[in-house]
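Heads up, the next two complexes both have chain A, just with different partners, chain B and then chain C.
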Partner chain A sequence: MRAYVLKRLLLMIPTFFGISLVVFLVLNLAPGHPGGNQQASDLAADVRSADTQESHRIFREQFGLDRPVLFNTRIWLTQEEVEQALREIAGRDGASPGDRVRAQQRIEDWGAYAVPHLVAAMQAGQDDEIRDLAVYGLRLAARRPLIDPFEPRPSPERRAENQARRAENNRLRGYRYDLDAPEAEKQRVAGEWIAWYAQVADRFRHDPAEKVRIFFLETRFARYWANLARFDFGVSLVTREPVMATLIDKLRYSLSLSITSLLLGYLISLPIGIYSAVDKDSLVDRTTTIGLFMLYSLPSFFVGTLLLFWFSEGSSIEAFRWFPIGGWRSADADQLTSIAQVRDVAWHLVLPVLCMTYGSFAALSRYMRSGLLGVIRSDYVRTARAKGLPESRVILTHAVRNGLLPVITLLAGLLPAILGGSVIVEVIFDVPGMGRWLIESIYQRDYNVIMAIQLLSTLLVLFGILLSDLGYALVDPRIRYR
Partner chain B sequence: MRQGGWFQALLAAVLVSNTALLLVLVLQQHNREQRAIRQSAQFRELAEGTDRVRGELRKLNRAIGAGDLSGLAGGDGDQVASTRTWLHPDLPNFLAKNDFDEIPPDAENTNGTLTLFFSRSDPKGFNGMVENAADLSELESYVSDSIAGRMSFTDPDRWHGILAERVEVTDEGQTYTIYLKRGVKWHKPSGVDLSDPRYAWLDRDHEVTAHDFAFFFQMLKDPQVQNGFAKSYYQDLESWEVVDDHTLVVRWSKKVYLALSSTLGIGPLPEFLYAHDEEGNRFPDETLGLNFNQHWYNSKGIVGCGPYRFASYSPGERIVLERFEDYHGELPAIQRIVWEIVGDQNVQFLKLRSGHHDFGYLQPSEYRDLVQPYLDDPSKPLPDDNPFVGEAMGSARKLTPGYFYLGWNADKPTFADKRVRQAMTHAFDRARMVEHIFAGLGQVTESPYVPGSPYNAPELEPWPYDLDRARALLAEAGWTDSNGDGLVDREGQPFEFTLLIYASSKEMDSLANIFKEDLLKVGVRMKIDKAEWSLMQKRMEEREFDAFTGGWATSWDVDLFQIWHSTQADLPKGSNMVGFRNAEADEIIEKLRVTFDLSERHELARRFHRIVHDEQPYTFFYVRERYYTWWDKVRRVVFPKTRPLVRASSWWVQSEV
Partner chain C sequence: MTPEPERLSYWALVRQQFAKNRPAVLGLWCGVGLFGLAIGAPLLALDQPFLWSEGQGVSSPLLAALFNRLLFENGVDIFFNLLLVLTPAYAAALWLLRRGGRLTLRATSLLIGLHLALTAAVIPQTWFGAPNPFHHEAPIVDYRVLEAQRIRAGEPVTAVFPPRRIHYRETDPERSVRPPGPQFLLGTDLEGRDVFVRMLYGTRISLTIGVVAVAIYVWIGIVLGALAGYFGGWVDVAISRLIEVMICIPSFFLILTLVALVQDRSIFHVMVIIGVTSWTGVARLVRAEFLQQRELEYALAARALGLPRWRVIFRHLLPNALGPVLVSATFGVASAIITESSLAFLGLGDLSVPSWGETLNAGRLEMKPWLIFAPGLAIFFVVSVFNLVGEGLRDALDPQMRT
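Now for the complex of A and B:
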C-alpha cells in the first residue's frame, strides 16, 4: 500500500506539469492581452508617444510578455525578416494598416534579438524611410532591462551594474530625431548608433550552448516554471500585489461558503436518502425524488436572484426582509463583539449557502439511497432483524454504517468543487471571494492570477482522485492496490 | 464491561463540564468586548466632537480674518500670504475667486454619513500616477487636491485656486509660476498600524511643498514608471523648477493649449511615502521608477491633502472617506462618505431601493419599469414598494460627458466611400433606439463634443433616419441590386459586413439586431460578431474589423489629435482606429492645439465638426443620460458641468434623528 501511494504521488508530478502546460498554453495563446483598460478611458488613454511606448515595453518585460510562449526561435532571426517588417511598417508591399500595426508589435517583441539587423538595415542606407524606422525601432530594442530591480537590499556590485544600465538607457534615449529634422542631424544620430553598436556587438553574439539555453529557457513558460519551483506565483498583472497573499485572503470567503454548504448538504440529504431507502417506492419516496430533482434542475443564478429579491432587506414585501442584501458582513462589523461578528457573518451566509446547497440534495440523497438499498438486503441485516433488534436499530447502526461508506468516499471527489462551486454564487451575492476574483481576472487577462487558481484546483483534483481511490480500498477490503 | 461503563460516564461528565466552562468563558469575553466597544464609541464621539470644535474655531478664525481684524486673528496662513513677494508682481493673478459655493453655505448638519455605490470591482490600485480608471479619479477628487480647479458649476474655462494662491502665466502660456499656500498638511497614511514600530517612520506630520510637485513630475517623466496614459499629455513639458518650498515654475517647450489644464490640474505626490519601502528605506535611484509601479502602499489607500482622508478599505466591500479636520480650505458638510463596491447590478438596485445607499442611479430598464409609467400617466396610483416615484426620493437626469458611436473602417474598400458611410447613418434609426433600448435616457448626437458646448456647429442636425435616401446614396456609390436577389452588389460582390460589438452588453445586442433588419431593407447584409472586451480591443488595435460600436468620454478641453489626426491611424494602440485621414481636418486639429483664444477655438472646432458631419467616419449615436436619484435626507444635490458629475462635497445630509 505504501509503495502504491508513493507511486501515485510521484506520478502526480508529471501529470501536474502536463496540466499546467496545457492551461498555460491555452491562456497565453488566447486572443487578447493584459494591460487593457475595461473602463471608458480618457481620450488620450492609449496614445503612443515615444515615452508611452517605452513604459509599455517595460511593463511587458517585467512580466515576460515580450517573450515567446514555449520556444524561443528569435536567435535565428534573419536580416530579411527584420527588413520585411520595416517595409511593412512603411506600408510597402501592399501592407494594410493592420499589417503595419502588427509589424510594429513584432519588432517590439523581438527586442534585443533584432538589434544587429536593425543596425544593418540602418547602415544599408539605400532608403531613408527604412533608415528612419530602423532608428525608431532601435530606441526600444537596444534598451536593457535592470537586473532584479525589486531586490530589497541590492549589493554594491548589483547597484553599480544597474546604474550603468540605466545610464546607458538614458543615453540611448537621446539617439533619436524628429522626422522633419535636417538630414545632417539624422546622419549624426545614425553615426551614434553605429559607434554604440561597435562597442557592444559582443552582447548580441551567442555561442551554440547559449543558443540552446535561450531556445528553451528564454520563454514565458520556462520563466513561469522557474518561479513556480520556488513557490513564487508572481504578482498580479493588474494590482501588482503578490498573488499568493491575495489567494490566501480570498480563500477564507470561498472556504466558508463551500464547507458550510457541503456539511449542510450531507446533513440534509443523508436522512432523506435513508428514509427513501427504508420506505422504498412509497409515496413519500417518490415525491421527495421528484421534488429534489426539480430543485436540482433550477439554475442557481436564477434562484439566487429570486432569493435576493424576496428574502433580503431589499425585498418589496416588508414581512420577508430577513437577510442582508449580499456581501460578507455588515458595514459596522468592526464594532461588534466576537459573538456578534460570527452571528453577523452567519446571517450573511444564509442565502448564498442555501443557493449553493439545494442542488446537491438530489445527487447525495440518491447515492445514500442506493448505497443503503445495496446492504439492506444482505444477510447480516437479516440476521440482525432475526435477532429481534428493533427496526430503527437495524437500519441506523447496522445497515447505514456500511451503506454510508460509498457516500463518504464521494467527499474526496467533491474536494475541487470547494473552489469551483462558488463562482456564480459569489458573483450574485457579492461575496469578495475567489470565484469573483477569478472571473474578474479572466476578463482582465491577469495571467498570474488565473494560473495560480487553476494550479490550485489542479492539485485539489489530483489529491481528490487519490483520496477517493484510497477510500475505496479502506471501505472494501476486496480492493487491493499494488 | 462494567469498567467500560464507568469510563464512559466519566468521559461524559468531563465533556459536559468543559462545555459549560467554555460557554461561561465565551460569555465573559463577550461582556468584556461589549464594554470595550462602548468605551471606544464614546472615545470616538469625544474625538469627533473635538475635531468639530476645532473646525468651528478655524472657521471663526477665518471669518475674523476676512473681516479685516487680522491683528486679532493671529498667524493663519492667509495673513502670511500678503507679505509674499511675486516674481512677476505686475501680472494679474491668473486664478479668480470661485463664484460658486462648492461647500453648502446653509448646511443644517455637519456630521452626516453618505453611503453610495462605488464600482463593480475593486480598484486596481490607488496610485493615480500608474492607474487610470474613472472610479479612481472620482475618489481622488475627494482625497487629493490640485493646484487649481475649474469653476465646474459656472464657467469651466475659468480656474480658482486650491493649493495655489496665485499663478502667473508668462511666455504666451508656456511658463507657469505657481505660489503654493503655506501650512497645507498631508493626511497620515491609513491601512497600516501607525502605532506599530515598523511604521513609526510614517507617523509624522508633513507639509505639502513644491518638492512634492517636483516628485510628481519626476515620476511622471521617469521612463520606468508605467503611466503611458499620462505621459502622452506631458510630451511637451520642458522643465520644472523648485524656486523655494512654496514656489514652483513649470515650463513647456511648445505653446500648447492643453498645457494649461495639464499644469493647473495636477496634484502633489507625497515623496515621504512613495520614495520609500515598507521599512522606510529610500529606494535606490536607478530602480525607483520600477519600485514605484508596484509600491507597497498602492493597494492600501491614497495619501492626499484634500478635504477627505482615505480612512479604510476592505477589498470587495467598501472604501470609507472621512473629513480631514485639518484641511487647509473650507470644510465640507458631510463627515463620512462610504463607497460600496457592489459586483452585481441587482444587489446595487436593492441597496438603493432599501435605502442602504443614499444616492445612486437607475439602469434604463429599471427606469422604464419603475419611473417612466408614472411620468407618462401622472394619475396612476403610486405603489408602496416603489420609492422611486413620489416624495421620498429626489431625482435628476444628467447627460454624461461622452458619446457612443459606430465606427466604420475606412481602410476597407466597402467603407472607403463617404456616401456609403452616410447611407449607413441614414439607415441607423437613432431616435428609436434611444427611445426603446435606453428608455429615452439619452440624446441623439452628431458631434464629437460635449452636448451643448459652444464648440458644436449650431446649424448641424443629425442625419435623419431615411431608408430611401440610404438606398439612393448606395446606388450613387455603385451599389445596386443587379441580380434581383434583394441585396445590393457591386462588380458581382454583394454588400456584406460584420459589426463588432461588446459581448456582455444586452443593449448593444438589441441595437445591432434592429440595425441589421433596417440594413436588410436597403439590401445590405450585416453580421454581428460579439467579442468580450480584451478580444475586441485586440481586433481594433490590429484593425481587423469592418465596423464596431464604441464610446468615448469627452473632456472639457477639446483636443482632437488622438482620435482624428491621420498620424494616429497607423500606430499600434492609436485611437484613430477607423483610419480617418483628412488633410484639412489635420490642419484644423494642429491649429486648435496651439490656439488659446476661445472664440477662435470655437470657430476652428466648428469647422472640424462640419467636416466630420459630412465625412461620417463615425455614425455618432447618442450621449448617455443618467437618471440619478437620492433619498430625501441628502440635501442640496447640485451637479457640475464637468466630470466627475457626482461631487458629494457640495451636498449635506440630514441627521438621522
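Now for the complex of A and C:
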C-alpha cells in the first residue's frame, strides 16, 4: 500500500508538469499584455518617454517577459530578420506606428542574440538610415541584464559582477549620436561600437552544447519551473507581493467552504440515497427523486441569488432576515469573545455552504441510489438474505459497501466542480477566497497569480483523485494496490 | 405480446424504450417547443409590423427587418431568422423525404449542413471582395411612431404588429428597472430593456451555445477517443496522458481564464472555448467503446476486407460506440448552457447578446424579483429539459433497464 501511494505520488509529477505546461501556454500565448491594461496602452503609444520605457523594460525583465515562451530560437536569428526589424522601426515597408513600437520591442527582447547582427548591419554601410538605426538598436540590445538584481543579500562576487555590468551598461549608453550630428561624429561612435564588439565578441558565440541549453532553458517556461521547484510562485504583477503567502491566506477561506460542503454533502446524501434505493418506487423515493432532479438542474448562481434574496439581511421578507449578506465575519468581530467569533464566522458561512452543497448533494444521492440499486439485485445480496440475516444488516453491511464505489469515484469528479463553483459562490457571497481572487487577477492580467491558483487547484484535484482511489481499496477488498 | 420483436433494429428498440418514459418524452416535446420559440421569436416580439399598409399597397417590414444588419447583427440571430423564413421549405423537404422513405440521418445532416452554409453565405459583408448581395443594411424606421402619426393625422393606416412591439436591444434610461406590468410582461432591466423579450431571444443564445459547444467537443472527443482506442500503443498512451492532464484542471477555471483573455470576445468565442476544454468525457467513452469493439468479429471482418482504416473506424466501429456519446452529449448541452450563463453572470459574457446570465447578474445587484426569477427559471427550465431527455436516453440505451 505504501509503495503504491509512493508510486502514485511520483506519477503525479509528470502529470503536474503537463498541466503546468498547458496552463502556461494558454496564458502566455493568449493575446493581451500582463500587468493590467497600463502596459497595453504604453505599447500602443507611438512615442514612449525614456522613463516609462525604462520602467517597462525592468518590468519585463523582472518577470521574464522578454524571453521566448517555450523554446528559444533566438540563437538562430538571421541578419535578414534583424534588418527587417530595423526597417520596421524606420517605418519602411508600410509599417504602422504599432508595428514600429513592436519592432523596437522585438530588438530589445532579442538582446544579446541580436548584437552581432546589429554590428554587421552597422558596418554594411550601404544605407545610412539603417546604420543610424543599428546604432540605436545596439543601445537597446547590448545592455547586459543584471543577475538577480532584487536579491536582498548578494554574495561579494555577484555584487562585483553586477557592478561591472552596470558600469559597462552606463558606458554603452554614451555611445550614441543625434540624427543631425555631423557625419564624422557618427563615424566615431560607430567606431566605438566596433571596438567594443571586438573586445567582447566571444560573449556572443555559443558552442553547440550551450546552444541546446539556451534552446530549452533560456525561456519563460524553464524560468517559471526553476522557481516552481523551489515552491516559489513568484510575486503578483499588480501588488508585487509574493503570491504564495497571499494564496495560503486565501486558501483558508476556500478550503473551509469546500471541505465543509463536501463533508456535508456526503453526510446527508448517503442516507437519502440508501433509503430511496431500498424503498424503490415508494412515494418517498419518487418525491426525493424528483426533488433531487430539480436540485441537480438548478444553476448555483441562481440558488445563491435566491438565498440572498430570501434569507439574508437584505431580504424582502422581514421575518426571514436571518443571515448576513456576505463577507466572512462581521465588522465588529474583533471585539467579540472567541466563542462568539466562531459563531459569527459560522453564521456567515451558512448561506455559501448551502449554495455549494446542494449541487454535490443532489449528484451524490442520485449516484448512491443507482449504485445501490445495481447491487441490491445481485446474487451475494440474495445469499445474505437467504442466510437469514436481518434486512438492516444485508443492506448496511453487505450491499452498501459495494454500492459506495460509484460515490467514491465521484469524489474525483466532484472536486474540480466544487473548486470551479467556488468562484461563483465567493463572488455572490463576497467571500475573500481563491475563486474571487482568480476573477480579480484575470481582470488585471496578473499571470503569476492566475498560474498559481490554477496549479494549486490542480494539485488539490490530483490529491482528490488519489484519495478516491485509496477509498476504493478501503471499501472493496477485491481491489489490491501494488 | 408484440409479434417478432427481435426484428426491430437497435435504434428502433431504443426509440420504443424511450417512448415509454413519459417524463423524457415530455422533455423532448418541451425541447422542440423551445426551438420553436427560438425560431419564432421575431413573430412574438419585434418593433416592426408584419403588415403595413397606407391606403394602397401592402408591405411587410418585419420580413425585411429579419435580415437588416442594423437590427440583427450577430450570427445566431441570422441563423434563426433564416430558419424562420425557410421553415416551410424545410418542412416540405422533410415531409417529401419521409414519404419517399429516405428520411435518413444522412439526409437530415445534409439539410442542417445546407442551412449552415446558407447562414455563412448571408452573414459576411463581402464575398471575396465583392459586396454581398444578401448583406442588407437599411435605416430603421420606427413604425410605432409612424402609425401614431398617421392616426393622429387621420390618414388611413393598417399595421399588424407582433404581440410585443419592442426589440430586445431597445434601451431607455427613463424606464430603468420597472416592475412587471401590461406594457412590460416581466418588467425592465437596468438599461430599460424589456426582460420578457430578452428572455425570448435568450432562448436562441442558450440553445445555440449548448448545441454548438457540444458539437465541437463531441467531434474532438470522438476523433481523439477513436484514435486512442483503435490504434492503442503509443497513440493511446499520448492521448490518455493528455486526457488525464485535462481532467485535473478545474475546467471552469480554465474556461474563465481563456474567455477573459480573448479580446473583443463574441458569443462564438465562448462556444469554442467551452468546446475545446470539455472533450475529455466523450474521448474516454469512445476510447473505452473502441477498445471493446475493435476485438469483435465484425471489426476483424471489416479489416480483413481490406477497407481503409478511416472507413473501419468511422463507418463500422463508430456507429456502435455512439450510444453513450449521445447520452453524454445531451447532458453536455445542459452543462454548457449553465457554463455560459455563469460566465455572463460573472460579467464575462458577450454583452451584445441577450444572455440570461447577464440579466440574473443585474437581478443580483438590484435585488429585484423579476430580474432574478425570470432568467433563473428560464435557465432551470432549459437545463431540466435536457437533463430529462438525457436520463430518458440513458435508460433507453441501458439493456438492463429494458422491459
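The working rule: the second predicted complex is superposed on the first by the 358 of 482 C-alpha atoms of A that agree within 3 Å, B and C clash if a C-alpha of one lies under 4 Å from a C-alpha of the other, contacts with A are read in each partner's own complex, and residues count from 1 in each chain.
We take it that a contact is a pair of C-beta atoms (placed from the backbone, for glycine too) under 8 Å apart; a residue touches a chain by one contact, two chains touch by 3 or more.
Note that the structure is predicted; figures quoted are calculated from it, not measured.
Chemist: Which partner chains sit in contact with A:308 here, chain B, chain C, both or neither? Use first/second/both/neither.
Modeler: both
Chemist: Looking at the overlay, what does A:336 touch: chain B (first), chain C (second), both, or neither?
Modeler: Once the two structures are laid over each other on A, A:336 reaches chain B alone.
Chemist: If we overlay the two complexes on their shared chain A, which of chain B and chain C does A:189 touch? Say first, second, both or neither.
Modeler: A:189 sits against neither chain B nor chain C.
Chemist: Have a look at where A:428 lands relative to chain B and chain C in the superposition and call it first, second, both or neither.
Modeler: both
Chemist: Tell me the contact category for A:152 with respect to chain B and chain C: first, second, both or neither.
Modeler: After superposition on chain A, A:152 lies in contact with chain B alone.
Chemist: Have a look and say if chain B or chain C is in touch with more residues of chain A.
Modeler: B
Chemist: Looking at A:465 after the superposition, I want to know if it touches chain B, chain C, both of them or none. Which is it: first, second, both, neither?
Modeler: A:465: touches chain C, not chain B.
Chemist: Once the structures are superposed on A, label A:22 by its partner contacts, choosing first (chain B), second (chain C), both or neither.
Modeler: A:22 sits against chain C, while chain B stays out of touch.
Chemist: In the superposed arrangement, does A:416 touch chain B (first), chain C (second), both or neither?
Modeler: Touch status of A:416: second partner only.
Chemist: If we overlay the two complexes on their shared chain A, which of chain B and chain C does A:298 touch? Say first, second, both or neither.
Modeler: In the superposition, A:298 contacts chain C only.
Chemist: Report, in rising order, the residues of chain A that make contact with chain B in one complex and with chain C in the other.
Modeler: Overlap of chain B and chain C footprints on chain A: residues 31-32, 305, 308-309, 314, 316, 427-428, 443, 445.
Chemist: Residues of chain A touching chain B in their complex?
Modeler: Residues 31-34, 36-49, 51-56, 58-59, 62, 91, 96-98, 100-102, 104-105, 108, 146, 149-150, 152, 154, 159, 162-163, 165-166, 169, 173, 235, 238-241, 249, 305, 308-309, 312-314, 316-317, 321, 325-329, 331, 335-339, 427-433, 436, 440, 443-445.
Chemist: In their shared complex, at which residues does chain A touch chain C?
Modeler: 14-15, 18-19, 22-23, 26-27, 30-32, 293-294, 296-302, 304-306, 308-309, 314, 316, 416-417, 419-421, 423-424, 427-428, 438-439, 442-443, 445, 450, 453-454, 457-458, 461-462, 465
Chemist: Which chain B residues qualify as touching chain A in the complex?
Modeler: Its residues touching chain A are 26, 29-30, 33-34, 37, 40-41, 115, 121-122, 124-125, 132-135, 221, 223-229, 231-233, 235, 277, 284-287, 290-291, 293-294, 298-299, 315-318, 338, 341-344, 346-347, 349-351, 353-354, 356, 385, 402, 411, 532-535, 537-538, 541-544, 551-555, 559, 562-563, 568-575, 579.
Chemist: Can you list the chain C residues touching chain A in their complex?
Modeler: Chain C residues touching chain A: 241-242, 244-254, 256-258, 260-263, 334, 338, 341-342, 345-346, 357, 360, 363-364, 367, 369, 372, 375-376, 379-380, 383-384, 387-388, 391.
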